[in-house]
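Next come the structures, one after another.
One chain, chain A, links the two complexes that follow: it is found with chain B in the first and with chain C in the second.
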Partner chain A sequence: MRNRSLHIGAWLLVAIALTAVAAPLLLPDPDRVDYAAELAAPGAGHLLGTDQLGRDLAARLASGARTTLGSVGAVWLVSVAVGLFAGTVSALAGRIGHEVVARIVDVALALPQTVVALAVAGAIGPGMWQLVLAMSATAWAPTARLAHTYVHAARDRPDVTAARMAGIGTVRAMAAHVLPAASARVVVLATLGVGQLILSLAALSFLGLGAQPPTAEWGRMLADSRHDVIAAPWLIIAPTAAVFLAVTSVSLIADGARERVDLGSRTWPRF
Partner chain B sequence: MTAVLKRLAAALAVLATAGALVWALMLLSPVDPARQILLAQGDPAPAPSQVDATRHELGLDRSYPEQYARWAVAALHGDFGTSWRTGDPVAAELAGRLPATIRLTLVALGFSAVAALALAVFGLERPGGPADLLSRGLVFGGSALPVFAVGVVILEFVVVGAGVGRVVADGTWPGAVLPALPLALGIGAEWARVLRGGLRDALGAPHSETARARGAGRLRILARHGFPHAAAPFLTVAAMSAGGLLAGAAVVETLFTWPGVGRLLITSIDAGDLPVVQAIVLLGVLAFLGADLLAEGLSALIDPRLREKR
Partner chain C sequence: MAAVLSVRGLHVAYPDGTRALRGIDLDLADGECLALVGESGSGKSTLMRALLSLLPKGSRVTGSAVVDDGDEAVQAVGAGRAALRRLRGGLLGHVAQDPHAAADPLWGVGRHLREAWRARGIRPPAGAAEKRAEAVGIGDAKARLRQYPHQWSGGMLQRAHIAGAGVHGPLITLADEPTSALDAGLAATTLAVLREDARALLLVCHDLRHVAAVADRVAVLYAGRVVEIGAGVLERPRHPYTRALVAATPRPGHGLPVELPGTPPDGRREITGCAFAPRCGVAEKACRTEDPALAEGVACPVVRR
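Here is the complex of A and B:
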């Protein structure tokens, strides 16, 4: 019973990742067009049926999982690494350093992530890496603020002071006593945003601003076959279920993990 | 009072920075604006002298700070230059599209509010009961479903399949009902989750127990002790959903061919029409900042604890 949602979510994510990795060994080529098998129903030849170009849907779903996990993972990694680094530097660098970081964070927090992505797509054109870049540009701001708050408050904690008095340098004292707990909090906060991130990336790809053909991506797949969904309902059920399961798994993980660490009053306004 | 002024100044500083970033998008773009405008105005092969004259007219031969200052002053007057796609003023294009988007988003926000209220209160008093589980399941499912999938279901199965409503939307109030549903789904679920959490905290607090012990009715406890307590976090999240509204509107408007700003944005991105993209993006940032300020003000009005802190 202890933290059931963390376990279910983690197993679900492992299952999705395993499917994504194992698919090339077990399923047909996701990009292979076969006009003879257009809109084939799920069955023996094609596990989940085929799309309007006769491509194997199960293989495309798995390939789409690689696209989504890769791009979402990249943004998540940036928000953890850059957020932790910028927040720690801001907490330790003194007044001027803090002011610089804090002002950049203020602006990044005030720019809606999807709006930035739309702006970048408008300026340098559509593409998955453009989206990842645009999403990363603001994704590190909330984590940086959390890391700053935590590290700043920990500077004068008795154990840190004691370590310093024992002759350990600031950097080592921080690395040993403060950073492990700070990174746990940053990881949880970054994970809390991943569900929304998956939905946003899929929606932007649906609009044609993300993955470009022939790359398989769940949102793009539905966009390309949306006129055939009445004749072939598996074309809407499969990608929707894939997005749903991916969002569900990371939401469960984030909910479960949030119960384990105290994020303070950072996410909600102070009471 | 000084707190309010400080907050306003901070918002203006952010807006100015966002403006600079939006202007700088022009530097990232590989296109020559002068040539592009002449092409859009119907000149198939503009002469170099003509391009240079337009460059001068647009001020593109000046220094970058000067260009930004001119762009910002014009933008403050509502002038975002000329569309590279149609050759018309951007402001006129936007003005024609804005009413339809405002209608769509207002209907969607109305749906979201009703759904959030119902889902937040339904089953609230008996945690773990069937009503509570159903409501929580709906909220969880609603927040994990992609907007575009729900939109495709409504469009292909309800509008095209069953013949309800119209395939080509006209941008009127009654036409907004079906497109607003997918937009309201994610927002409503998110609102319900936060509202429900806040209400649960409030009803479990000792002062609510006391009120109940002294014979206050369920409605009175909810209205007097529940909602004011849950208001501040709810308003914060409600304002944050304004940030996702533009992308959501882009999806729904593109699907339903709704004549609004979101579809114009996607059309402009596809056509590489940067001035229109800049104007709409700035509009999105402005809406987000405005919603944030409004939420903070309302929270302070409702919750006295937030007033004393600042």
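Here is the complex of A and C:
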């Protein structure tokens, strides 16, 4: 089959999304505490067992998918939108405009994600939206640099010149002839980074900089259950498997999409 | 007939200091085809780019180039936004060198053609694009225009570009080597189509046989100047450079082509006397010091005598 990785990745993501959406209808409330069923093993009553407060692990996993994937989606969207905009502006705005944007990008690239997350948590308190903000603050920079490269290289492309000679203004000609292809490539490259985003988000949440109790989030779930690993290994295995599946699915999608969009790079090594 | 384009004293220096044009004077009459010939670096493309304001930022352009359709005269040198809007796609049509490179691979050919209307903020009238395509010999236009550039041959795609350039009936069509990306058989027919479709045509072309077939007049450029201009220049070359250029072209019955030794002068250096003197077979002592003026269609006092 052509482009197998795109298909498998897409179906995997659809399955994860469906589970996350359908869970509230089928599973118990993820935040309902039941001290009678503390650390229950996976079985008939609780499909994946319960955590240290007797909350249903399957329900929390599905609820965590909404938190984690929703936040990652938000960061991804910001990095694509802001990156494309900033990169295009810097490519078209002349030397001063480029210098201003490029220096801001340099600063954003130089800032370590964890430090920004700590700073934001320290300034306005820890939480999921604060974490999304902190991660977005640096995630747009590589995208902007790529967008700049694509758009700048296309300025003097013969088809853009031809459109300008037909009487179309430079900015409109770029928007019509360059942005569609440039955004496709930028989206793909941003998607390649989503796997890393999921891991970073889980890691920062694990450190307590993201979701706050009782919100279910995969990294947070790992952090909360680290004292009960021996007694209830499923508490570690289930969120880890969820992170693994999510990262796998977006990596496959990104790889497949790259193959479709970047016609020139068909010879790239396959991972 | 009135000149639709008059270029006077046009100088162009690129940002690195290279003087690409050193005082060009020429006129283009309404409906006429003027071909620019000369070696690479002689300034042919620079002249085209200067007329379309396509020179890189930081280039110094002086002199004047007026496009005049009888009702209004537009200065193409240092044109502002309003003038550019009048010129590009309006008074001036432009046909690019490589038809495939000049087409957006993600756009259908019909969409490219309709861009000419959209550029002026007009909704393309129904069937107008197809009519234009058929006017330049594209058969089955309705179906063909739905295809993408990669499904077209270079010759046919160049016809589509010619159709696009001519949508608003430009006074002058500028074509910078429109056939260099096509094979020889297609080049001749495509040029004929271009000549047929354009009103006045300013053509840059390397192939002197094609030039002889379509051009009413020929301007020979050397080191940023017109050294010879007129009808029949290629049949009866007078300037030593034109002779060398013609001799370097393979022609049946004229033996092997003769290569012109030497290289054109460095554009960054000041030139005293005739720029061609160092490579010239008939150069005299005065040629090295006296600037040859263009008179009687040739910028060489030696051959005028």
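Everything below uses one rule, namely that the second predicted complex is superposed on the first by the 256 of 271 C-alpha atoms of A that agree within 3 Å, B and C clash if a C-alpha of one lies under 4 Å from a C-alpha of the other, contacts with A are read in each partner's own complex, and residues count from 1 in each chain.
Criterion: a residue touches a chain if its C-beta (ideal position, glycine included) is under 8 Å from a C-beta of that chain, and two chains touch if they have at least 3 such contacts.
Note that the structure is a prediction, hence the values are computed from the model and not measured.
Of the two partner chains, chain C is the only one that A:I168 touches; chain B does not reach it. Once the two complexes are overlaid on the shared chain, A:G208 sits against chain B while remaining clear of chain C. Shared-chain residue A:P158: touches chain C; no touch with chain B. Legend: residue contacts after superposition of the two complexes on their common chain; A:A181 is shown touching chain C, with no touch to chain B.
Taking chain A as the reference chain, the count of touched residues is higher for B when chain B and chain C are set side by side. Partner chain B is touched in their complex by these residues of chain A: 106-107, 110-115, 117-126, 195-196, 199-200, 202-204, 206-209, 219, 222-223, 226-227, 229-230, 236, 239-240, 243-244, 247-248, 251, 268-271.
Within the complex formed with chain A, the chain B residues making contact are 10-11, 13-14, 17-18, 21-22, 25-26, 28-29, 140-141, 143-149, 152-153, 155-157, 160-161, 186, 232-233, 236, 242-244, 246-248, 250-251, 254, 265-266, 268-270, 272, 274, 277-278, 280-281, 284-285, 288-289, 292, 299, 305-306, 309. Partner chain C is touched in their complex by these residues of chain A: 157-159, 161-168, 176-177, 180-181. Across the interface of their complex, chain A is touched by residues 52, 54, 85, 88-90, 92, 94, 96-98, 101-104, 106-107, 115-116, 118-120, 161, 164-165 of chain C.
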